[in-house]
Amino acid sequence: GTRAPGDDVVDVRTDVAFTGAMLPLLVGVDRGIYRAHGLDVRLNSGNGSATTIQTVANGSDDLGYADATSLVQSAAEGVPVRMVAGMVQRSPLAVFSKPGSGIDEPADLAGTEGGYVPGSAPEMLFPAFAAATGVDTGGIGLPRVDVPAREALFLNDRVQFTFGLTNVSLPKLREKCDCAIRTIAYREHGLDALSSGIVVGDRFAAQHPGTVRAFLAATAEATRAVLDDPDAAVRSYYRLDESAALSPDLLRAQWDASARLLRSARTRAEPFGCTDRADWADTIRLVERGTGTDPGLVQPGTVATNEFLPGDCDPGRSPGASR
Amino acid sequence: MTAFVDVDRVTKSFPAAGGPVQAVAEMTFQLHRGEFLAIVGPSGCGKSTLLTAAAGLTAPTSGQIRIAGEPVDGPHTALGMVFQNPELLPWRTALDNVLLQAEIRKLPKVPYRDAAARLLQQVGLGGFEQHYPDELSGGMAQRVALCRALLHDPELLLLDEPFGALDALTRDRIQLDLQRLWLARRKTVAFVTHSIDEAVFLADRVLVFSPRPAGIAADIDIGFDRPRRPEIRATPEFAALVGRIRDVFARLGVFGADPDDEPAADAARGGDQA
Amino acid sequence: MTHIRSALLPVGLLVVCCAVWQVVVTAGQVPEYVLPAPLTVLGTMVADAPLLATESVPTLLAVLAGFGLAVLVALPVAVLMTYSDALHRALYPLLIVAQVVPKVAVAPLFIIWFGFGQLPKVLMVALISFFPLIVDALVGLAATRPQSLVLVRSMGAGRWQAFWKVRWPWALPSIFAGAKVAVTLAVVGAVVAEFVGSDDGLGVVLLDARGNLDSAMAFAAIGWLTIAGLLLFGAVALAERVLVPGGRRAASAEAAGSL
Amino acid sequence: MTHIRSALLPVGLLVVCCAVWQVVVTAGQVPEYVLPAPLTVLGTMVADAPLLATESVPTLLAVLAGFGLAVLVALPVAVLMTYSDALHRALYPLLIVAQVVPKVAVAPLFIIWFGFGQLPKVLMVALISFFPLIVDALVGLAATRPQSLVLVRSMGAGRWQAFWKVRWPWALPSIFAGAKVAVTLAVVGAVVAEFVGSDDGLGVVLLDARGNLDSAMAFAAIGWLTIAGLLLFGAVALAERVLVPGGRRAASAEAAGSL
Amino acid sequence: MTAFVDVDRVTKSFPAAGGPVQAVAEMTFQLHRGEFLAIVGPSGCGKSTLLTAAAGLTAPTSGQIRIAGEPVDGPHTALGMVFQNPELLPWRTALDNVLLQAEIRKLPKVPYRDAAARLLQQVGLGGFEQHYPDELSGGMAQRVALCRALLHDPELLLLDEPFGALDALTRDRIQLDLQRLWLARRKTVAFVTHSIDEAVFLADRVLVFSPRPAGIAADIDIGFDRPRRPEIRATPEFAALVGRIRDVFARLGVFGADPDDEPAADAARGGDQA
């Protein structure tokens, strides 16, 4: 769209190529919601949460849409980035299998093989998941692959299971495979964790708090718009992404799945984006268990804050004051 | 004597930017087994071209060359050849360059190694066996190439100005060596030279080529007894033959004269020429 | 006549390959989301031509800029290294180090430092095409016939003249061998850079398509990349024809026969 | 003396580079999670040497096998293409196509077809090192002095002899230029293959380290890969010294002066 | 006349695999401005080495060469040089090879293009201007190299067997051309040749070099009037001078004689030699 002279230019980087889960961001741009808040948002897709978090940290990008697990991990390395709004607050992490594979529950994974993408959330938390479900990871083959190869290998029966997200990967796998996919969701085995949200570097947040606030306010508005009319939101995608690689049905399915994960059990009654300290503590613990990060190195306050959100979050849940 | 090398109505022309260059006009002559033939002719007339064709390295544009009755239609390799440039392989020492001949022909190593060393010794290159081509002088490189052509003791020798870069005395010496070799084994030799003296001294017969396109301007028998001693050069018969060949040359005109120049024919009366 | 036949042969081979591929895929031996049929790919290449053409622009610009940069740096450095032994000894090991460091591995640093724009792509392309250029240029410049240098030295040629009149023509065949390898690697470099992080380009299309398991689009992008690579290679080959002097140097070919 | 000095120069430069890097990082100009200090990297390279050494094995095996395969295919094909014009015309365009198709993009197919073992890695390495080998071999074989061929032809040399006695020695400098580029690309190829999918190898270590944001380990893996690349390059350079005949061909160098 | 080229106690040795090769032993001589000096000597004795040193292309191992009073310690380029091999650049046509001289010296294009074409015409290469070196015969390539050396009309000519690959008549003709040129402009010339006849015919003075390491075995003045006509070759004075030089040669021995061989000195009595 055209750019008003006074607008703040904001570079926003998603973690991966646009999916149905990101419809609020797309709608915000497409319908001029950000512009109405004085922001000229330039939305681009990234190459994984870790990279997005780093480019946000060093100022190449202003804001990001990234994964909480990666964020905790990055924070442990000293990357000064925090999540300012949680957009997927229940864990979509899962292991998928095909019906004929005989994998119906975690224990069935023993002796099977699945492509492993280093740095990807479901893989990172898999040791914790295995521990929680009493599966011996030693008997599971985890060859290293990249994301497209992981899914192609699974669809091609080269491996018996694959890691993924119930809100993003599952609809896609279903569409491609044209078969019923078995889902073993981590959250159904007691492993719930925060997922995607808006992240911002500490320096940018300190220098442009108004921009961050305006962005979150607009995103909240856009989220409501998507919830109100998902099909209209899907059309925004086609206006913004000329490659238009995803089918409308797939986008719709991804959004519907994401919408169900918008808030955690603890933030069910909270306004848009508020995250809960206890949810962060759980997530941090899982990452610690999954990746061997030193316990206690990362505190909820290191990685999240509700201070820029438009609505009034319950102060008792606040992840912590700014550092 | 039957014709050993039979050049039968051979012509050769090369395609070139400004229309084809005819190097050899229809040419016919025979070379008998054991005969020593010298070829003289103006620069660029087609001598090298003819030798290359005789070795089967280029095909005549028309006509045929037969060696020992067999038409030459591919490399005829039962011969020893000296090219106008020494063509030594730069990564081989003098000795190894000579031995290339033995290697390609799969001759036994040890005896030919000795033979090569002996040949080099004979042409005055003892002590230079392990030198690389770029450490040799022009004449030395040429002598290495000669040794290479002689190594396998071939029936037929095609020598394209093999002594061109040698000083008078080294040349005399090697001429005598070549004569001795020839007398001992009676090889068939076709010898291109730009020295009329050398041609008369060495050959049984001298062919004088006309300027491009080469034709045979004269075919002169040299009747001196063998072995010829250097002294025959001082005889009137020798001078007469040299003079006769120079006359042929002169009559043909070496190249189109420039009006300001002294006519080339004027130059044709000297006694001692290269 | 021979020209047409010489073009027919490779095209024929290519067509045969594609036909086999088509049969294998349509016979259901390979699922379409792994390897789409060539006709499907062709269809996508044509149908999505506007998108693919748009996305080709940044990729090609990065390739051209990066390759140009590599040429502009590699050739002078090769020349300097040819003239200065000390420089040669000092730089060569560093060049090797720079080359053997896996570029795929350091590419993320570029993104972190330079963002998702053209700059990291250009640098990546330059980095990846640099080595073959310099190695072949060094070989070519060293292959110069020393006697030719002696000749021009006796005429009073300075380095500059000796370089342009003698070394450069002697080295050109080698330099172009390096350029041919480099220009194809340049395309690879741009794709790698776009894989690691970019806002646009055919590499992004390819990555997105793979992420979406849209193999037809992925292969269509590969097809466009291949065509771009062929065109660039063709441009280098054409430059070679024009610049390498004495194309008629094959006069002695006949006597060499088929050896 | 000169030997020591010639070694000192690049090492000195390298040390200076590392020192600057160390200072920049410790001064906090670049965060450690982006670029760890060289001493940190060195520490990890040494401390985790057992792991890194173990993981080097499959990577190096893939590099050696793939590079060997590429050499074994590229050189004979180059020879055949040198001797047969028809083959040259038919194959050359296909080679270019094979080269410009981005290998990163087709790598997943290899995994799908051949699994996670060594085979896809070896193929990838072979594919990536093939082109520079063949292009430079073709240039080298074509650069043979035709008069040398005429000479051995007059001696009755067959193709086999003409090849070994004449073409091969003339072509070797170019062939080795290709091999130097190819061997460094081979390491890249192995890493790319391991990135796309593998059970083991330094590429996997690197990928895991990056996944864990363990930049020290990532750079340690890059360090090991670099050393492996240097050793392989050194091996090729050594082979060149041994195989290229007439190292003493520089006798005319004096008269060429510094031109 | 003052010494224009002053060769002062020059020695030169080359490192080689089997110990250093001494090419030039301590050598001293002067060449005056406008003098035509011929150098003859056995193959491999160091003639080319000396010429290269005089042009400043190689440094003597000891001693000094001065040209016009200036010590030569880098390329001395106010000269025209013919190397023993033609050294044509293979990607340039005959004409462009000649023009290289003008290009390197940054001389104006148009007049030198005409001059080059005229020179080629004069040496009998009219019509071959656009031929590439590998389309020329050995003698033609040598003539192109000669034209290249003459193009810029230099003060000093260093000619290393410039007529070595030419047939007798082309050679005679070009010798006369060279004499005419020299008479018109009185260039200083150092001319290496392996033809004693050529040396005597052309030169004011002939230096005879001894075998490697080269020393001056004889320094012979040739007093014939200029212009010399080819006929003087037939005079007894000419023959006497040629004989004298051959004697010097013979006394030195060309190369270590093999006991079975006829002694090289035997060859020293002929009239007409190359």
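Quick notes
Letters are used for the chains, namely A, B, C, D and E, taken in the order the chains are written, and counting of residues starts over at 1 for each.
We take it that contacts are C-beta pairs under 8 Å (C-beta built on N, C-alpha and C of every residue); 3 or more make two chains touch, one makes a residue touch a chain.
Bear in mind that the values here come from a model prediction, so they are computed numbers and not experimental data.
Chains touching both chain C and chain E: B, D. Minimum number of contact steps separating chain A from chain B: 2. Taking the mean of C-alpha positions as each chain's centre, the chain lying farthest from the centre of chain B is A.
Comparing chain pairs B-D and A-C, the larger number of C-beta contacts belongs to A-C.
Over half of the residue numbers found at the chain C and chain D interface occur in both copies, marking it as a same-residue contact.
With centres set at the average Cα position, the gap from chain C to chain D is 16 Å.
Separating the CA-averaged centres of chain D and chain E is a span of 51 Å.
Averaged Cα coordinates give chain A a centre that lies 87 Å from the centre of chain E. For chain B, residues touching at least two other chains, in rising order: 14, 17, 52, 57, 75, 85, 135.
Touching of two or more other chains is recorded for residues 54, 58, 148, 152, 156 of chain A. Among all residues of chain D, those that touch two or more other chains are 34, 108, 112, 146-147, 150, 152-153, 157, 166, 195, 210, 248, 251-252, 255, 257.
Taken together, the touching pairs give a contact graph of some other shape, not a line, ring, star or complete one.
Chain pairs recorded as touching, per the definition above, are A-C, A-D, B-C, B-D, B-E, C-D, C-E, D-E.
Chain C contributes residues 31, 33-34, 51, 54-55, 108, 111-116, 195-197, 199, 204-205, 207-214, 217 to its touches with chain A in the complex. Only residues 14, 17, 52, 57-59, 74-75, 134 of chain E touch chain D when the two sit together in their complex. Interface of chain D with chain E (complex): residues 146, 248, 251, 254-255, 257. Chain C contributes residues 6, 9-11, 13-14, 34-35, 83, 86, 89-94, 96-97, 99-106, 108-109, 112-113, 131-132, 135-136, 138-139, 142-143, 146-147, 149-150, 152-153, 157, 159, 162-163, 166-167, 173-174, 176-178, 180-181, 184-185, 187-188, 191-192, 195, 203, 206, 210, 218, 221-222, 225-226, 228-230, 232-233, 250, 252-253, 255-259 to its touches with chain D in the complex. Residues 147-148, 150-157, 161, 165-166, 169, 245-246, 248-249, 251-252 of chain C are the ones touching chain E in the complex.
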